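So that you can tell them apart, the chains are marked A, B, C and D in the order they are listed, and the count of residues begins at 1 in each.
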Amino acid sequence: MTDYIWFLAKRAALLVAVIFFGVSAAFFITHLSPIDPVETALGRISSQASFSPQAIAEMRQTLTELYGTDAPVLSQYGNFWRRLLVGDLGPSLIAFPTPAMTLVMQAMPWTVALLVISTLITFVLGNLLGGLAGYNQNNALFKSLGMLAISLQPIPYYVVAFILLILFGFVWPVLPISGGYAMTVTPGLNLPFVLSVLNHAILPALSLVLVGFGSWFLGMRALVSNIVTEDYVTYAELAGVRKSTIVGSYVMRNALIPQITGLAMTLGTVFSGTVITEEVFNYPGLGSLLIDAVFEGDYALVLAVSSISVVAVAGAIFVVDLLYPLLDPRIRSE
Amino acid sequence: MFTVLHDLVRYNIEFAIGLGLMTAIVIFAGLSFVSPVDPTMVYLAIPDQPPSAENWFGTNSRGQDLFWQLTFAFRNSLVFGFTVAILSRIISIAVGLTSGYVGGWVDRSLMFVNDIFVAIPIFPVLVLFYFVFRDDLDSFRLALIMACFGWPFDARLIRSVAMGLKHREFTRHAVFAGMSTRKILFEEHLPYVMPIIFSTFMNNMLWSIGFEVTLAVLGFTDINEPTVGTVLYWANSHSAMVVGVWWWVVIPIILVVMTFLGLFLLAVSTNEYIDPRSRLRRMGA
Amino acid sequence: MTDDILKVSDLKAYYQMNYYGNNFEVRAVDGIDMSVRRGEVYGIAGESSSGKSSFVKVLAAAIRPPLRLVSGSVRYDFAGHPIDLATADARDIEAIRWKHLSYIMQGSMSVLNPVRRIGRTFEDFASRPLNLRGRAFRDRIVAHLERLKLPAEVLQAYPHELSGGMRQRVTIGLATVCHPEFILADEPTTALDVVVQKEVLKLLRDIQKEMGAAVIFVTHDMSVHANVADRVGIIYAGNLVEEGPTREMFSAPKHPYTAHLVASLPRIGDTAQRPALDGRPPNLAKPPPGCRFHPRCPLAVERCRREAPPLETVSPDHRTACWRWSEVAPLVDHGMRQEVVR
Amino acid sequence: MSTLLDVRNVSKRFTTGGMMNRRSVQAVEKAGFAMSAEMPEIFTIIGESGSGKTTLARMILGLEEPSEGEILVQEKRVDGRAGRASRLDFMANVQPVFQNPFEAFNPLKRIDRYLESTARRFLPDPDRATIEAAMDAALQKVGLSLAEVGGRFPHEMSGGQLQRAAIARALIPNPRLLIADEPVPMVDASLRMSIVNLLRSLRDDYGVSVIYITHDLATAYYISDRLMIMQRGRIVEIGPGHAVLDTPEHPYSRLLKAGVLSTADAGAGRLSIDPDIIAAAETLSRRPGRLEDRDDGRRVMVHGSAPNAAG
């Protein structure tokens, strides 16, 4: 038990370190940018109406205080952390004066839901079929599935999403290819809205599942075809242990341990994929928000989205890591 | 060397297909050196012409011949992927072998850094860099940045092999034969790490070209440099599919898929072949 | 029902290797004839890559590619369940596993599922053949463990939580809990320290006597055979080269290879120079013609290079495959002062 | 009389785990013995797994740093972290042979590579001819020749040849001391005697001292001049080989001897070990003790009588 606590402490230290370095990197990279948020904001505001030079000077004063850009970089950095901890990263430009954090929090559930659902489907499907394919290596059906996985695995997220867009947008337009829900429904807990959300989520989720499936399938197949030659599997087979028990509790169970580590290690990549997919399908998540923010030069929003992405991915990895010792009794006594 | 290639082509169908695909793509990219047109010039040809005997891959809405345009695009993308793969291999070999052989606190701190790099999502970071560099984010700078993120998985793999090798008896014999650490790492241990380097090289090229495509399509790179990504970017921005210039999108995607499949198959099959265990078995041990 | 529980005739099992066009056959088991009696411990000795492990795989019906049964028969005569592994189908083989025929595999660490508690493994292995479930099953297992001097708590443990000796006793427990008539034990004590090894061997021997099971006990270690086997068979390069009662094998070997194996065991209290055997076992992909031992044999003559000697009976229960067996003498005095008891 | 090797009160503790769940394992506890430079001998260290015999060997080779005490080779302190020149100096005197002959050489490289590297590094005047002469001479000592070994890969040779080639490699610098950590492949009886006999001839014909580490009492008896028995990191008995093994005094030594499978009564199936010896060896392993001299030259660990003396 103390070992589990020790394991927890180590992972928690890593979590803190990742958040610290990731968020700091985001801060300093954005500060390398030649864009001055105050001037950009001013330009945007003054383009909509004409102001007297005095009014502009006042606004500049207010905005400078708001963004804190007159302080030296290090004290800005300190302020940034202080404000991040209370969830305030200043106003966004896209929807001035809505705080950037509010926009992030609005977009977050869409991304999290898409990510969690597609990752779960991919992980379960890929590992289950990959495991069975590894165990039944001469089965024609699994062999052709393997070929499919090999051809799907290397294709980048963007290309798959794009192909789906072409297929369902132009060739066979049966599924919505843009947005998170139809314009005709009222957001809220009502059936038409929920159905619309699910309908709109199919293509983005499908593209994530298609890309992810291959690597889980191939990884699990390779693992299982190694594990079936392990002595404990051979021994159980020679003892006439039921086939379902062997496949489930001997083969898959042991192969799952490295796969869980793999899940933690790939979450960062999967998140990147989600972001890209969202842009293709114009899905109202963090990805679309980030890309809009970059195009608009929305300094605060870019920083908010990247910081929160780092925190969210690190947190998710932490959670997955915690599963690992529950699956592997050996780690508890190492 | 030739017998190895011959063996692989003859007895490993995956390698044969992968090699075939990649040879075709590399020859295609190589044609850019004899191209009669400058890829950066626009409106040199009649726009929106479907594939024909004159323009094999058709022309795009910017009045460029797609065939020659794509030869440049593939050359640039392959060079880009190659650069990222080389640079990140260097980092991962250095980190992996050192971490595994030296061990102790060196290993612990290197792996801590490694874990951090694994956990940081790369796409937002790349977007941040674009935010800073804007259109100055050319292939080479992008390659440098991607190389900084492309090593941690593979360093970990190399480390685990190096750790095993450290405790093999022949390593201790090598130490007592007076070999230097450098000689042990690069002459005794590197051959065992080669299969990993080879197969991850291909995978890394795949990964980096994929990311370049993604970033370029979104417009987050230097869009005036012809790459696979920027070709798709321009097609996208001219709504090629909507206006019916399908070849502008379909042909590059077919070529991209060929490249990716080729690299992937090469990675898988060389990995299996160079693995010291199967290599020993082939030697008849 | 005959006296023999296992009869192997002219058994050949080869590995079919194929590496990038480099095809060859490794003749791991190449014409073995032998039989095992009910209730006896038959020791099989041989060095690494002599083919003894492949032989055990065939006996355990554990033939997997690239290993392939080429010819011969493996007949078990279980009570009410005679079976020939060479011709039986998968269902027949499933029916005898563990109930009649059990197996102790080499390496106690790797044969137990690392993520499964020992208790669950016992359930997986024995619940069906014993036809017991729940409380009754548990009681039966606990009673059996007690006989192996293992506390009931091991059922809650994972394999890595047990010491090497305990793990080995667990595997012996797994192999014996269903009271099989035949147990194949492949190097069951090789990785253990000497004292623990001796204890485990005693346990195995005791439980075997109690159940009256026949055992094939495979190990390279002749001193183990000296202490557990009733009869010993020596395998060299895929052939059975000699078999006989344990005592005679040590005091009066009739094959030069056996004589050498016995001689290479030093003994406390004796520092007389021991001879060493030069050369190496043949490559089973291209075995030498004639007697496979002839390149290393001090007694080899022209005939040995041309003709393979048959296994011939030299005294009751004692067979050897050597043209010059009558000239084989023990290389060292092995401290056996008494007359050989027949 | 000068000493070749002096192990002075050496202890080794290993800490496992990280910062918070540190556990300490006493692998070697106050071990001490010496070997003379004038009289080559085979000194055997006997112990079961976990006895600390391999850790002790690793400390002598400088691969492990003692937690306490020091080890001197020819009056110079063994220090694994010393500079390269001083390590090479050490290696010229002390060379190892390890357990598995099939692992002794990198399977992807030619065997002579290791011999050549050793010769180039340790010979005073390494030109092509002297290197080859030295390689051949070392191989001749173990019953091989450069013609047999040169240009060959490990998989082309038998286990016995490989182990002999490994020993030949170790002999090239003309070391005074060879540390052989379980050099006898247990699986192959046919190799066992050839290696053990070779160690004997190195001592008798070439004046090389050998530390032979094993758990096999029978081969130890066969070749040892002196031996020591270790139990859980402690030396429980040390002295002339035949005296100790003929009449072991410490209960643990007696237990080890009782554990030897005798071939003298083959087929009789005598496998019982007196449970009293097992119990005695077990309880004493936890009690403090000190080594006492005996008339026949051995030293035996004696323990206090109070069972709870350890506190």
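Everything below uses one rule, namely that contacts are C-beta pairs under 8 Å (C-beta built on N, C-alpha and C of every residue); 3 or more make two chains touch, one makes a residue touch a chain.
The structure displayed is predicted, hence computed values, not measured ones.
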{"item": "Most central chain, judged by mean C-alpha position against the global CA mean", "value": "B"}
{"item": "A-C or C-D, whichever has more C-beta pairs in contact", "value": "C-D"}
{"item": "Rounded Å distance, chain A centre to chain C centre (Cα mean)", "value": "56"}
{"item": "For chain B paired with chain C, centre-to-centre distance based on mean C-alpha positions, whole Å", "value": "52"}
{"item": "For chain C paired with chain D, centre-to-centre distance based on mean C-alpha positions, whole Å", "value": "32"}
{"item": "Multi-partner residues of chain B (at least 2 other chains)", "value": "284"}
{"item": "Of chain C, residues touching chain D in the complex", "value": "47-48, 164, 190, 193-195, 197-199, 201-202, 205, 220-230, 245-247, 249-251, 260-271, 273-281, 334-336"}
{"item": "Of chain B, residues touching chain D in the complex", "value": "168-170, 172-174, 176-180, 187-188, 191-192, 276, 279-280, 283-285"}
{"item": "Residues of chain A that touch chain B when the two form their complex", "value": "14, 17-18, 21-22, 25-26, 29-30, 32-35, 150-151, 153-159, 162-163, 166, 169-170, 265, 267-269, 271-272, 275-276, 279, 290-291, 294-295, 297, 302, 305-306, 309-310, 313-314, 317"}
{"item": "Of chain C, residues touching chain A in the complex", "value": "60-62, 64, 94, 97-98, 102-103, 105-107, 110-116, 120, 124-125, 128-129, 158, 160-161, 174"}
{"item": "Chain D - residues contacting chain B, complex", "value": "61, 63, 84, 88, 91, 95-96, 98-100, 103-109, 114-115, 117-118, 120-122, 153, 155, 166, 169-170"}
